[in-house]
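The following blocks contain the structures, represented as structure tokens.
Okay, so chain A shows up in both of these, paired with chain B first and chain C after.
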Partner chain A sequence: MARFVIRRLLAAVGVLIAISVVTFLIFQAIPNGDPAQRIGGRTANAAELALIRHEWGFDKPIYVQYIKTMGKILSGTVVSYSQNLNVLDQIRQGLPATLSLAIGAGIIWLGLGILFGVITAVRAGRFADRALTVLAFIGVSSPPFFLGALAIYYVGYKANIIPLGGYSSLSHPWSWFKHLIAPWLVLSVLFIGIYSRVLRSTILDIQHEDYVRTARAKGLSERQVMVRHILRNSLIPIISLWGLDFAQVIGGGAILTESVFNLHGVGQFAAQSIQRLDVPPVLVITMLTAFFVVLLGALVDVIYAFLDPRIRLSG
Partner chain B sequence: MAVGGSTGTELSAGVPAELLVEAAELPAGIGPYRLAWRRLSRNHGALFFGVIFLVIVVLCLLAPVYSSDIAHTGPNDNHITEQIKIGGKLTYVVSTIGLPIGPTWHSKFFLGADPNGRDIAVRLLYGGRNSLEVGAVATLITIVLAAIIGIAAGYFRGWTDGLLMRALDVIWAFPVYILGVALGVSLAISGIGPLRGNSLMVPAFVIGVVFVPYVAKPIRGQVLGLREREFIDAARVQGLSHVRIMASEIFPNIASTIIVFIPLMLANSILLEAGLSYLGAGVQPPNPSWGTMIADGVANIPAAIHLVLVPGIMLVIAVLSINVFGDGVRDALDPRAKVRIAR
Partner chain C sequence: MTAPETLLQVEDLRVSFATEEGVVRAVDGITFTVQAGEVLAIVGESGSGKSVSVMTLMGLTRGQNARFEGKAMFDGRDLIAASDAELRKVRGAAIAMVFQDPMSSLDPVYRIGAQIIEQIRVHEPKVSKAQALDRAVDLMERVGIPRARDRVRSYPHEFSGGMRQRVMIAMALANSPKLLIADEPTTALAVPIQAQILDELRRLRDQTGAGIILVTHDLGVVADIADRIAVMYAGRIVEQGTLEDLFYDPQHPYTWGLLGSITRVDRNRAGKLPAIPGQPPSLLAPPEGCHFRPRCPHAFDRCTELPELVSRLPEAPEHPDRCWLEPERKRTLRQVGDQIGLATGETVIS
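Right after this comes the complex of A and B.
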């Protein structure tokens, strides 16, 4: 068991290093994307550019630049090219919005995903199943920025129920809620669609297992069979999906939702930095997200191995 | 996370009753694809949406005809200062305060104009052509790369497998949109080799690469199971080369998995293209695509909601019809498959 955990964690660290290298190379590989030009602005002359290049170390070989940047990130002193502000401070500013979005939406999509999944499985083939299946298909086919735009126009501008975007701090709870309710729902729609479909098919599979028949045979009520025996086992894939999706959203993966609602979260900061070709913030945010994804992925694997010896022995 | 992996070794154990009934009434020896086709042709809902998607494809391919014979304007032609006659009354295409005209339901500006005075219906069809083209090429790239990587990793195992899977882990651990936007923005500036940065093939390439792990991993899982089967041993004993075994023994056995993934990836590629274009990292203006058109519309809220509604509804209908049809194809090919609706 200990060997399995250590090996899994070492692989996770390797993936993180590889991700930082890839992100760094994506931006360094741009021929006409000279970072010195971006720092110096349009008016900088050749001598000034050379000075900037020297100061920031852009004249050094690429692996030296990479190691230096990584050193700055790990020591928390990394600054962005375009604004010359500390990147970690800027991310910290975006964190309340992103955390609020992720936690609220995470609860909504897990809860409604399970609820709709159970309803569609129990009523398989009947009206409720058909109606929710149609909704699930529409959900997975709708881009969040389209839904967000509709919400802003019809619920915000026309009906004047929600604000037209932006984030309001938790110190005013009602305002916070009004700013976030639409982003929560818009972000959740896609995941509710996916989760309810996955849960429905898992439940329908498990219903034919021997232990479910045994549970029915020993006289448990249909509700007890569903909750204690079927649902408990069907939830395993849902929980692992949730862990990974939640990790992505927390690390700024909800770029589209954050952008359309102008939440000023980590994801929107990432999008803006990418458009400015500003390497350090993008590097830090990708590593942050990847860190959450890899960490939760490793955690899920370890929990699985703990629960199911077959994985541990074959891995 | 290995999805799939059901190799079909176990027989009647978990087969749903209706499939057993179906098997009983069919003549012996009918091939799996004929069987799948029979099932699909009975699934009227899936066929209906398949037809809708075909209609959308044909309409988009006819964009030049619509543009030259009906609307008499191109996708990038400005009519910002012009007036048109509606109900006998002259109206500005874009009003003096910058409000574009809404749907006229006439041959000109059938679905209205955008703030640059461009015909939305024409742009919708040309944009659809671009969105579908990007989606199709991206799907092709994903499927081909994933099949090669998945088969090689599963067949050779050992360090080949380790190396390929770690490489996929790296792509997989990236947030889809951050990787897509980062690649899209940097390649839109530099281009890829001979391709210019504003080429449609740049977002197609980016999207194709981003989705490879989602397809390659299930394929690898299936190949790992297949390579232990007797017919592979038989092929090896006959002295067939590795490439030959992979191409003529393993590939036909995973073909149905690949077919199931094609509509799924097409739908997701079109959605990702829209997302990347919305963030400025996909199809580059003035070239239209459904994503760029929605982005233009979002920038004009609340002045002209039809700029969001027209391309948005079109996009949702197109992706929805692919998804429903794809679901039908999956049910027909392997009713017990557990392919997840990926993002």
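Right after this comes the complex of A and C.
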């Protein structure tokens, strides 16, 4: 176990270094990406730009700039080019909204994905299966900005059931819930569609395993066979999907959903920073997402080893 | 000795499956009985319907596309007509089953002990987990698993094939079944392990007095353990009798072929193993009359008419077969042909 943790930590460090280098270099290569120009504004003259470059260190070699920026990130003093605000503070402000969105949606899409997957597998070929299959394809092909706009217009503006956007702190639970219910569902729709399809086909495969026949021959009821033997074995691929998707959303990956509902989360901050070609926040958010992906990947492996005794934790 | 009690009486069982190509008549009217304490072997090639027959007894072939006819009386109940709920009470309790491939027949994610405990408690929910665990350990010891107390905590992948099959047998015995169905229980195992598993089955039959249906294509296994044999071909029983009947006076040319294709170590050089020419017929459109007719070297015009499964031997009324040939003629043919060296003691030379 200790070996597993150490290996994963080393892997995480490696991934973070690699991803930060790549992100940093991409912004060097983007045309019109000169940060001095953005900081100085349209009216700045050559002398002012040179001063800015000198003050911010943009005249140094790229690797020096990278190391300095990373140093500021690690010491928590990194500021954004566009607003000159501490990036970590800004992310911290966005985290409650993003975490609320991710955790709520993660539970919903996992739960409903499993439920619909089981229903469609058990009723394979019948009406419930076909109806849910069509719904799944509609769900998978509906982008969040479209579903979000529909929800805000019909449920928010016309029916006045939910607010038109924004985030409300968890200290007012009912208001928090009302602000988040639509984003949760909108974000979940895509995942529910994918998960239910993956689970359906896994269940249909596992159903023909010899040990499922053994379970029936033991005299178990169909429900016991499904829950204890088929579902238990079918959940393994779903759990790994969930780990990666959940990490994406927690790391600010739900950019569209956060922006449509104006949640002011990490994802929306990322979207704004990219618009401004603001390197430090983009760099930090990218690293944050990568960190969560690595973390959840390790967690998924632990859950895997628990779900399937044939898998050993070896890192 | 009391008179043997008839455990299972199967009468004219028919199983067919509707497929896209048409109706497959997998089992086409089979009749047999199993007595308590007896081993009945059902022998035949793959696709002869032997597995389908025994799985049907357990209700494991039920499905939207399956049709059943006939009866299978067990304990005063017709297993074919029984509801799913009724059958569930029988499965794993009065009738238990051991399957062909022990490598894949245990659920990989549960401990061995948990799987045996599940079998005990599904039929006896009042038994506590601790009691069930003790019983699981006992069962594992009974089927020859060493250090059972420790190994209940193992997972299937930590066991060898032979050990897993012992676990399957332990599980099948958990609720003291009256009838044990073993579907090719040794096929997937190495030869020395096969003998051990057969010993295990024989010992259990002696100890518990349960009846055993042994499904196999391996006549070596049959010779080891069976009391009576039913030979199946293309969904029908073509010959039935005691072990001695079948091995020393086989009546059906298909049985001759099966006996001829056993590997024998008591011959100095067997040469090429004789095989039955041709393929078993498609069960979508089987040949009229005797199903073996197209492959039978002795077929004649009457074979287009289906022979009943009746005894044609005045001295052996319990040894029925489905072949139109006169018994005397069969004896001559067997002497002449070298396909069946066993009854005559001839050496097969190729």
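Some notes on this structure:
Throughout what follows, the second predicted complex is superposed on the first by the 284 of 315 C-alpha atoms of A that agree within 3 Å, B and C clash if a C-alpha of one lies under 4 Å from a C-alpha of the other, contacts with A are read in each partner's own complex, and residues count from 1 in each chain.
Here, contacts are C-beta pairs under 8 Å (C-beta built on N, C-alpha and C of every residue); 3 or more make two chains touch, one makes a residue touch a chain.
Small disclaimer: the values here were computed from a predicted structure and weren't measured.
If you put the two complexes together on chain A, you find that chain B and chain C both fit without a clash. Applying the stated contact rule after C-alpha superposition, one finds that A:S221 touches chain C and leaves chain B untouched. Of the two partner chains placed by superposition, only chain C is touched by A:D210; chain B is not.
By the touch criterion defined above, A:I138 lies against chain B but remains apart from chain C after alignment on the C-alpha atoms of chain A.
By the touch criterion stated above, A:G117 is placed in contact with neither chain B nor chain C. If you count the residues of chain A touched by chain B and by chain C, you find the higher number for B. Legend: residue contacts after superposition of the two complexes on their common chain; A:G106 is shown touching neither chain B nor chain C. Of the two partner chains, chain B is the only one that A:T289 touches; chain C does not reach it. Within the superposed three-chain model, A:R232 lies in touch with chain C and out of touch with chain B [touch as defined at top].
On the chain A superposition, the C-alpha centres give an angle at chain A of 80° between chain B and chain C, rounded to a multiple of 10.
After superposing the two complexes on chain A, the closest approach between C-alpha atoms of chain B and chain C comes to 6 Å.
Residue overlap on chain A between its contacts with chain B in one complex and with chain C in the other: absent.
Of all the residues in chain B, the ones that touch chain A in their complex are 1, 14, 16, 166, 169-170, 173-179, 181-183, 185-186, 189-190, 267, 271, 274-275, 278-281, 291, 294-295, 297-298, 301-302, 305, 308-309, 312, 315-316, 319-320, 323-324, 327, 336, 338, 340-341, 343.
Those residues of chain A lying in contact with chain C across their complex are 209-211, 213-221, 224, 228-229, 232-233, 307-310. Within the complex, the chain C residues that touch chain A are 58, 60, 88-93, 96-97, 99, 101, 104-109, 111, 118-119, 122-123, 155, 157, 168, 171. Those residues of chain A that touch chain B in the shared complex are 11, 14-16, 18-19, 22-23, 26-27, 29-33, 137-138, 140-143, 145-146, 149-150, 152-153, 157, 190, 193-194, 197-198, 201-202, 205, 208, 240-241, 248, 251-253, 255-256, 259-260, 267, 270-271, 274-275, 277, 282, 285-286, 289-290, 293-294, 297.
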